[in-house]
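When the chains are written out, they are named A, B, C and D in that same order, and each has its own residue count from 1.
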Amino acid sequence: MARLRIGIVGATGYTGAELLRLLVGHADVELAVVTSRSGEGQPVAALFPWLRGHSQIQYCAPDSATLAKCDLVFFATPNGTAMHQAPALLKAGVRIVDLSADFRLRDPTAWKNWHGQEHACPELLARAVYGLPERNRDQIRKAELVANPGCYPTAISLGLLPFLKADVVDASGVIADAKSGVSGAGRKAEIGLLFSEAGESFKAYSASGHRHLPEIRQLLDEAAGHAVALTFVPHLVPMVRGIHATLYFRLKRKVDPHALLADFYSGEPFVDIMPAGAHPETRSVRGSNMCRIAIHQPQLSDQVVVLSVIDNLVKGGAGQAVQNMNLMFGLPEDRGLSTAALAP
Amino acid sequence: MARLRIGIVGATGYTGAELLRLLVGHADVELAVVTSRSGEGQPVAALFPWLRGHSQIQYCAPDSATLAKCDLVFFATPNGTAMHQAPALLKAGVRIVDLSADFRLRDPTAWKNWHGQEHACPELLARAVYGLPERNRDQIRKAELVANPGCYPTAISLGLLPFLKADVVDASGVIADAKSGVSGAGRKAEIGLLFSEAGESFKAYSASGHRHLPEIRQLLDEAAGHAVALTFVPHLVPMVRGIHATLYFRLKRKVDPHALLADFYSGEPFVDIMPAGAHPETRSVRGSNMCRIAIHQPQLSDQVVVLSVIDNLVKGGAGQAVQNMNLMFGLPEDRGLSTAALAP
Amino acid sequence: MARLRIGIVGATGYTGAELLRLLVGHADVELAVVTSRSGEGQPVAALFPWLRGHSQIQYCAPDSATLAKCDLVFFATPNGTAMHQAPALLKAGVRIVDLSADFRLRDPTAWKNWHGQEHACPELLARAVYGLPERNRDQIRKAELVANPGCYPTAISLGLLPFLKADVVDASGVIADAKSGVSGAGRKAEIGLLFSEAGESFKAYSASGHRHLPEIRQLLDEAAGHAVALTFVPHLVPMVRGIHATLYFRLKRKVDPHALLADFYSGEPFVDIMPAGAHPETRSVRGSNMCRIAIHQPQLSDQVVVLSVIDNLVKGGAGQAVQNMNLMFGLPEDRGLSTAALAP
Amino acid sequence: MARLRIGIVGATGYTGAELLRLLVGHADVELAVVTSRSGEGQPVAALFPWLRGHSQIQYCAPDSATLAKCDLVFFATPNGTAMHQAPALLKAGVRIVDLSADFRLRDPTAWKNWHGQEHACPELLARAVYGLPERNRDQIRKAELVANPGCYPTAISLGLLPFLKADVVDASGVIADAKSGVSGAGRKAEIGLLFSEAGESFKAYSASGHRHLPEIRQLLDEAAGHAVALTFVPHLVPMVRGIHATLYFRLKRKVDPHALLADFYSGEPFVDIMPAGAHPETRSVRGSNMCRIAIHQPQLSDQVVVLSVIDNLVKGGAGQAVQNMNLMFGLPEDRGLSTAALAP
């Protein structure tokens, strides 16, 4: 089979860099075009020296004609960009995986409320497939436009979906206390993200409402078939990579939660249910596309605690995007994603 | 006034080192005796070079005669040590602040269950005053034996007490998702505490039951006047100092939680209620005895989120011990504890 | 004695924040005016929450009339600011400690070469006293304008001065391999200073010429009485605070270097010569004004290795500025600077 | 070709874990036996959860019969172990790559001096090939016993060899100021390696003589053909992985050092010479077998500064061991070592 011609729009952030890292090691892919206005003419390896020797490709200016010759284009752009360029590319027959939030919400009104602008192509929202393979594998295979999930939504929903689908969750109060490494905030020159600000410290942020909240709600509500009263508080951890979601809910009927989890994810290549008593560490998935989950019932009561870890840039971003690409083109789902995590 | 003659038993761990740091800067204190079997004959500044130039005192072997000449002895020993030495010292008229868990639980059966041995002097449990000044200031003033609170219990209870005392908490489900820097685990040569294990990673631990749980339960139940269904999950943060407790509960009646908090702690020297919308960082209390608290009601519902930060070694350990000592001897409560936190 | 009326110009960076932290705990100082264009009207504690409860002062717009009523004004501004405001303040009788590089070089041509602009008041360069008390204590006492040393120059020169003054250094090749925490680069929104860039990594920077180089050269050459061939390579360490200088030179005649060091700094309040075989850690001076120095002669040859650590924001910045202020006003030199370092 | 049957002795440390990580992804290898007394019967993935799903192998007790059936055995044991087991295995026709220091020095007296015991099989020292492929590629291909280089020696020698071989170095004074992440010290329960000790701090150690010194000396002296006066000072960096060597020497004749380097390493798969002005970051080689080198001539003088970075566990340990194995069995040299580094 000819190698897939792949384009990346906006590959100067961490998600874009991670896409590059994964794709230079993917046997079925040819990196055809990587665009960036700011980086035009520069080798990607000049910006990300760890790619030296792995790719000689240079950034070019965004150009729809070039992108239109790709089999698939990844958008690794800030929110509000992909929605302007997707319609033309789709018309040209190019399939799209959008890593931004542009196509994650079905409801254009909700989108506008959280992003402060009208959605540019609301008619595409219904066509977009939410790219969580553990939930939507079959639709992803046929999708032209995949909305790649956010990092928090991935970690949280993988921990909760089995229980919501099985209808064993007391939906009157679900708590998602989530912790993220600093790379989750992106490669942006902001004071709050400086080493001297985020180092040797820990804090919550956006406790009164984070922009990932409506995406998580949509996911949980759809899985449950009814509204779930979710409280979501994100925190910033002094580490580069990793998300740890600690999820609290009550069982509304007796069930073996570990068996339920293990059964739900049986055969899934990228979800690992740990044995009873385990506590997954974020480093155990660093650089890998795995989600590791453990479960506790602190005092054998109906209170369940689920611990779910991912690498925010891999399963929470670029890795899941590659997994979606593999599905869309009939490749083995783990192609390019099979290396073990890097630890210690 | 003559300076207080102070002894420290077991000052080779982090809590002991922090006591030394605070006491060498305390105007009313003379460090009379610092014991350690392993360090005997060595200057404390050899073990902790940051004390060079601040104290020339040397470790001596534990000796009850020397300790008996002190006005007050701090125990900074592992659990199970103070309970053997306290009775004789109390008999000799020496007042005690125990930083271990030996005297924190009132119930000797609970103590035995969690510590795996019989308590050596159960009769003292009732005489011991739990050293949380914001709750027991008057008893502490007169106490002969103060059980200095644990770090998690301090951070958690300071965030919950005002609401429990006001009887506005739905006690059927309170969640304490707590995060601690690695120094909270002590200065112990354990693989899991190595830089290469705890660095660049995040995990929960003891999710099915942490040894601080009964202490927190006792605190909350007593404040509420009835049982509170608490779920407590501690996590390890790749930083040295700091605890962040994220506390979730529901209001059982309408109340302004920010006003209630501010009112409860009005005049307290070491609790700072932050303005609405704030997110306290652990570094904002690093090296200081302050507890900073903020409150959120994510969707203006009855769900309350309290964010509470302390330095585990100061307000969660040595600083609170000094605060207790100040109270016990009629000194200004903030003597030796008034420096600002060290940040960035 | 009335408390000194102190002004700070530009207190929104790390050096300014550290000045605030030290001065709110200084018994002889009244913080009279703190200026910042960007922060005007805001309490300093809103920007730096660790100052909550320690100062209620607000930033005001820079205003020469207000500053002119101060006894001393600190400039914690970017390079190129103090030189425009200093002349008028000096004329008004206000003494100045400038923490920027504006008055550190005696030669206006060198200044221009390294800073890319003409010096605004070259005539003041000769009047400025270089504020390294261990070298210029007497001149500092009488100075109207003190050029507070840079962080690298402080750590490096304190390790080399005794040997250069004693004329025992082979000046044909001195190596200063220096390592700094990230706060040394300031509170600037730059990609390279992000946690996700500087974390879990180590690198050299400006290996071909750092802006502190001429200042270090001037210091060393003056101490030696002749040119010293210095190679200076700075590195960035994934920590917030601290500088470690590793200094390599050869003895041109036999001498006991440890004795020489200890003798030179005998009686100095802020230089601690460690015993033979020691390796100072940067954390042993964190938050303190101390410089800790150790010395090694790896194979008992004429090759000497000096290890010198400071906190870049204290002895390498705000602390040394306060030490200079104390000297200028006849206060005890360690007033406000006597707390032990914060470790671990 | 049948897959190579590989054994690992002592795979419970970081080097062993890294060997496991690399070998589970190596297409030509079958992990036949992994020994550990302490871990006997336990799956390796229980100790290193990031291997879950990548290998089901369990630790077994060291057993020479089983090991004797391997094609190659790696020793990832503490110093002083391999020398006792190597002779029998070699006799059985098993090839060996020893990652400890047992076979690195040619001189048994030097070995005894630095390791405090007699060497158990001094006759093998001459047969052992020093496994630095950039120096000894051909001998490695035919070797039965490879002494895998230490991490510091690898980073330092790769930066110096080209200049020493070209005889352009003033050998009267070469300085190697090296900095290592904490994993370089191994997975040992030692106080000094705790997160709370090594975090947020920086220090030199073993400044008067590190156990890697004789190995580095032997390497440099052999390359130069005469004695090189080396001063080597290692430092501990608050990060998990990475070594940065900053190397200082003087040219004894005019030469273009960048061209010399680039020429020397032309065609080398695992040495990357960066463009002029660059500063390699340790993270740019994290998890990869690459050594990145840059060169500076600070003031265009004869003083040269070489910056050399490796991942201490990969090119400085397990990766180089796999590279050696590939050479020994005629596999492509980069087999199993071609993934890009993991950054950020």
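The definition used in the following text is that contacts are C-beta pairs under 8 Å (C-beta built on N, C-alpha and C of every residue); 3 or more make two chains touch, one makes a residue touch a chain.
Note that this is a predicted model, so its numbers are computed, not measured.
In terms of C-beta pairs in contact, A-D outnumbers the other of B-D and A-D.
Centroid distances from chain B, each centroid being the mean of CA atoms, peak for D.
A straight line joining the Cα centres of chain A and chain B is 39 Å long. Centre to centre, using the average C-alpha position, chain A and chain D are separated by 36 Å. Rounded to whole angstrom, the centroid-to-centroid distance between chain B and chain D, based on C-alpha atoms, equals 45 Å.
In chain C, the residues touching two or more other chains are 14, 181, 183, 196-197, 199-200, 238-241, 280-281, 283, 286, 343-344. Looking at the complex, you find that chain A touches chain D at residues 14, 17, 21, 24-25, 48-54, 183, 199-200, 240-241, 272, 274, 278, 280-281, 283-288, 290, 292, 338-344.
The residues of chain B lying in touch with chain D in their complex are 14, 181-183, 187-191, 193-200, 238-240. Looking at the complex, you find that chain D touches chain C at residues 173, 175, 177, 179, 181, 196-197, 199-205, 207-209, 229, 231-233, 235, 237-242, 244, 246, 248, 250, 277, 279-283, 286, 294, 296-299, 301, 303, 305, 307, 309, 343-344.
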